[in-house]
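Got some structures for you, see below.
Both complexes shown next keep chain A, but they swap its partner, so chain B is in the first and chain C is in the second.
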Partner chain A sequence: MIRSTRHAGFAVAALVLLLVALPHLLSQGLLNAAIQMLIAALFACAYNLLCGQAGMLSFGHAAYFGVGAFATIHAMKALGGAGLVPTPFLPLAGAAAGLAVGAAAGWFATKRSGTYFAMITLAIAELLHSLAPHLKGWFGGESGVSAMRMPAFGISFGSTTHVYYLTMAWVLACLAALYLYTRTPLGRLTLGLRENSHRLAFLGYDVHRVSVLVFALSAMFSGIAGGLQVVNNEAANYVLFDMQLSAAPVLHAFIGGVKVFLGPAIGAALMTFFGYAVSDLTQSWLLYQGILFVLIMMFMPDGLAGLWFRCAAWRARVGTLRAMPGLLAAISAALLLAAGTVFTVELLQRLFAQDYRALARAAVTQPWPSVHLFGRDWLPGAVETWLVPLALLAAAGVLAVIAKRMVRTMSYATEPRGVTASTTPLAQAGSST
Partner chain B sequence: MDTFVVSLLNGAVYGLLLFMVSAGLTLIFGMMGVLNFAHASFYMLGAYFAYALEGTLGFWGALVASPFLVMGFGVAVERYFLRRVHHHGHAHELLLTFGLAFICAELIKLFFGNYPVNYRIPQAIDFAAFTVGSVGYPAYRVFMGGVALAMFGLMYLLLARTRVGIVVRSAIYKPRMVEALGHNVPVVFMGVFGVGAGLAGLAGAVAGAFYTTNPNMALELGAMVFVVVVVGGLGSLEGAMLASLLIGVVTSLAVSIDLSLADLLAHVGARDWAEAVGGLFTLKVSSLAATLPFALMLLVLLVRPGGLLGEKP
Partner chain C sequence: MRTPVLSLRGVRKSFGDAEIIRGVDIDILPGERHALIGPNGAGKSTLFHLVSGNHRPTSGSIYLAGRRIDGQSPQAINRHGLARSFQITNVFPGLSVFENLRLAVMRPHRLQYSISRWIDGDRPVREETERLMDLVRLTARVHALAGELAYSEQRSLEIGMTLASNPQVILLDEPMAGMSREETAFTANLIREVTRGRALLIVEHDMDVVFSLAERVSVLVYGEVIATGTPDDIRADAAVREAYLGAEVPV
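Showing the complex of A and B:
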């Protein structure tokens, strides 16, 4: 236990050092992506306080992100553009707005639990989304609100590097605060909300009040994330209230793993990075993200972080050398599956794109012209075009079965009693809903 | 007066449409305890399937075939997705359907593009059924309302008057007991899920031609359907009917009200103050039409958290 704690400590210290050194290692464009990753990580962790720790599934967290963003932009614009507070403290406005709106919305939403709660949060977000374009004074209508970052404390905040350090400081401070929160009595109460709210009530706690408090805190940290986004973009638009943004922390948190504190942050950082990296190559990034989410919900409910820990535990049990073939088989199965899926989706995307349809209609001699993909031309009518993804997917399936069998036989060989099936992290969350 | 009657009728038709979608959601929830996030996606799929089949089967053929396709899709979702994660608990099922809804929307964008498609009602039935004052009332709206009412009647007869209905109702109430009596409850669940999905698909196929068919329609309607089931009370068909009609009529009437809070405050002599404050005070009710259902939901939660016809929490 002590060893693993020390390991985690080293890992976090290394991560912080890497984050500090990042501006010297990356180009401006990548640094901008790093800012987005940090913001998404904070948003996902703020979301996880409510969803993973308190067991309340919210589908409308964009509301608090957006409110925080707009509060920050108005703070930035206040006093004739001078800003209500110096630039580094602007996200405080987002925090205050997130806390206030979160407390009000949370009061309604936490009146019901489980399924109702999920629907109410979604409806509150949609309420703001439908109202925002009409309130020009607050949300600036269709065009939105923009402002300028002002220099403060001798720092100009003109370059991406300055903004990066500001964002990094805020995100690290908030993540530290969120982590320390889990160590406080209130943090334990939050877990109690998820595990058994009836028992909390019998112990004399006001469950509704605790729920509202947790909801408001989660909204506050989401508001800070929104504020940081605005400090970076210097503009805010009512599109911030879109469902797309509410879906992001849900996908990120569960892909990363809600049972590990940094799981959502890792999921958010990974997904945002890939989204940035492939945004030029594909239009279907959200589709891949959705497929990944569904696969994770179906086959490894504790997310990537949970998968990592399970692999590590298994490796520790059977030894690195003996674990290797099984791990290799599993990894290659995953890679083949990804390759097959990407090929199919990209092929379909090109075949159903508007310009290809126009091309197909115009071509008289050959009704189905070829599409260029991965450095080759593929004829939609040819058998091999469809054989390639099928072969990839079939190979992935075979390898997955082999890997599963390997892992199982080896586990039985080393653990004669037979380890029972993995625990299901959401079962508890589900039973309380 | 004429416009009032017309908006009342429009509201009722929209409400009936909402009911068609929320009925399936409520039934599925009552039976399996699963809030199906993808339910509004079934509505969208219904519209898109009908659009895709229109060329080969004709409008009416597509209208009949599309709900069955959606039903098959719903059955597959229940059998191969939901049943697999059932032992993880309801929160997990909710998240899975959320992911499926996400994938549905993205796939629709992939195949049909991220813009409204040209799915319209045929010229032949685009005429006025009757006139209210001087305004002609479109026959297709009457048809939409008729489909919803016929569906409500059929479903009621099926649930209340047939042997299948008895098994379904008892499976909702005591699934284990029904299983012990020799009925195949998983198949009943699958059937109800499929029928619920098919109903949503039918609503989509019928309504998509009249309203717009675009990749956002699932989300727009989905939020409204959630409002309906919260206001009506989850699991109650009558509640869903009442809430759908209420919300349909309220939204439709609000569009034609050209008043704001400032006009109301003018009666107590505070118009200037209200106009100086701006914001919510000078907002016209007509532009709030899309917001009112959500406000109604918050109000219901405040005074009757179980919903209008739901049980006490």
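Showing the complex of A and C:
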């Protein structure tokens, strides 16, 4: 326990140092991607306060992100463009707006639970999305609202590096606040809400009041994320209320793992980077994101962070050396599966593309023309072309079975006695004394 | 006669056309252990739901220490000094034993909605949690998740959570259901010990437990109390024998 606390402490310190050093290591484009990753990480963690900790699945968190963004852009534009507060404090406007709108929306939404709660949150977000283009004064119609970052405290805030440090400071401070929140009485009650809200009422708690408080706090941190987005972009329009933005924190939180405090942040950073890196390479990147999400939900419902902790626990039990072959087999299986899937998807995507279909129709009597992919030409009519993905997928399947068998036999050989769930400082559900 | 701490007057409850509780009058005296028995479907759990605020009575009134509580919310009734357990184990399954009890202890220490202090640093809460954990003999299981406890341990945990608000009246709904002989004996002792000085209303099917634990017994049949008295009175009561054994008793 103490060792794992110290390990987590080192990991967090190393991460902070890396974040501070990033502007010296990355190009402008990548630094912009890093800003997006940080904002997505905060949004996902704010969302997870509601979803993972309080157990309330909201489908409309874009509403509070968007409200925070618009409040911030108006604060930036206020007083003839001078800004209501100095630039570094602009996200406070987002926090205030998120808190207020979150409290109001939460009061209604938390009257119900489960599916009905989810539907109400969805409806509120859709309401804002359809209303925003018509309210020109607040949301600037279709074109949106834009403003300029003003220099403050002798810093110009003109370069990406300045914006990056501002974003990083806000995100780290908010994540720290969100973590410390879990150690307060309300933070503990939040977990009770997820586990058994009915019992809370019979212990004398006002469940609705607790739910509204948690909802409003989650909306407040989402509003800060929206505010940071605006500080970065210097513009906001009604697309911020889009369903896709509501879906993002849900996907990020579950991919990263909702039961671990930093899980959603990890999921958000990875998926945002994945989008940045892969969307230039292939048109099918949304499909890959979807496949990843489905696979994670099916085979590791506790997300990437959960997978990490399970692997670590297993390694600790059977020893690093004995765990190695199984882990290697599993990793190779995953890589082969990815390679096979990517090959199939890319090949099919090219074969079904409009221009290729036109070429194929033109060549009526000849065999279909070849497709250029991964530095080679592939004939769609040739057996070898299809043998490649088949072989990759088959090898992945065989390796997966081998890995599973290795893990299982080894786990049986070293059956633990009364091992309770691992409690790391990052696992918010962990017990504490 | 002492003033009852909990009294029900003409309480009725209908679900649609079905009248489940048909005019119940019960008085629970301060500090007494009172058992509620009756055949399946008699309305025992419904009566508990009415008293604890889970359901609202259709008519009639319920007084807790002289204060009218029928129709109030569960959390309000809990704050007036009544706590209950449930027939089906009702704990926080994904949280540890310690965390379960601490959630129960936080409320009476007025720590419900605070984000301005650390829960781990709060000594009174920790000490009270540890005292309760010791009382229901779960100290050895402090870090175990409630959902992974043995069944009888979960019931003990529930009793501990029920005690946290220091209630005047405790309702226990079949605390021994599904327990082995030894577990039942252990839990009966535990209940006797922890309810000292409080009024207890308990629903139980095990007659040995009822007759050894309770000072008075009420028999509920088809939503009506057909008899109230000491265990000996109840054992001898003709109407009770008919309800339980189906014996034909000439009127």
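One rule holds for everything that comes next: the second predicted complex is superposed on the first by the 402 of 433 C-alpha atoms of A that agree within 3 Å, B and C clash if a C-alpha of one lies under 4 Å from a C-alpha of the other, contacts with A are read in each partner's own complex, and residues count from 1 in each chain.
The criterion applied here is as follows: a contact is a pair of C-beta atoms (placed from the backbone, for glycine too) under 8 Å apart; a residue touches a chain by one contact, two chains touch by 3 or more.
Just so we're clear, the structure is a prediction, and the values are computed from it rather than from any experiment.
In the superposed model, A:L15 lies in contact with neither chain B nor chain C.
In the superposition on chain A, contact of A:G204 is made with chain C only, not with chain B.
Touched residues of chain A were counted for both chain B and chain C, and B has more of them.
Of the two partner chains, chain C is the only one touched by A:E195; chain B is not. With both structures placed on the common chain, the touch criterion links A:G137 to chain B but leaves chain C unconnected. Touch criterion met: A:I291 reaches chain B, while chain C stays clear of it. When the shared chain is aligned, no partner comes close enough to touch A:A176: not chain B, not chain C. When the shared chain is aligned, no partner comes close enough to touch A:L25: not chain B, not chain C.
Common to the chain B and chain C interfaces on chain A are residues 429-431, 433. Residues 52, 54, 73-75, 78-79, 83-84, 90-99, 102-104, 106-108, 111-120, 122, 126, 142-145, 148, 161, 164-165 of chain C are the ones touching chain A in the complex. Every residue of chain A that touches chain C in the complex is listed here, in rising order: 181, 183-189, 191-192, 194-196, 198-207, 209-210, 213, 420-421, 423, 429-433. Contact residues on chain B toward chain A in their complex (touch as defined above): 29, 33, 35, 37, 81, 84-85, 87-96, 98-100, 102-103, 106-107, 109-113, 219, 222-223, 226-227, 229-230, 234, 278-280, 283, 287-288, 290-291, 294-295, 297-298, 301-302, 305, 313. Per the touch definition, chain A reaches chain B in the complex via residues 55, 57, 59, 108, 111-112, 114-116, 118-120, 122-124, 126-127, 130-131, 134-135, 137-138, 243, 247, 250-251, 254, 284, 286-287, 289-291, 293-294, 297-298, 301, 345, 348-349, 352, 354, 424, 426-431, 433.
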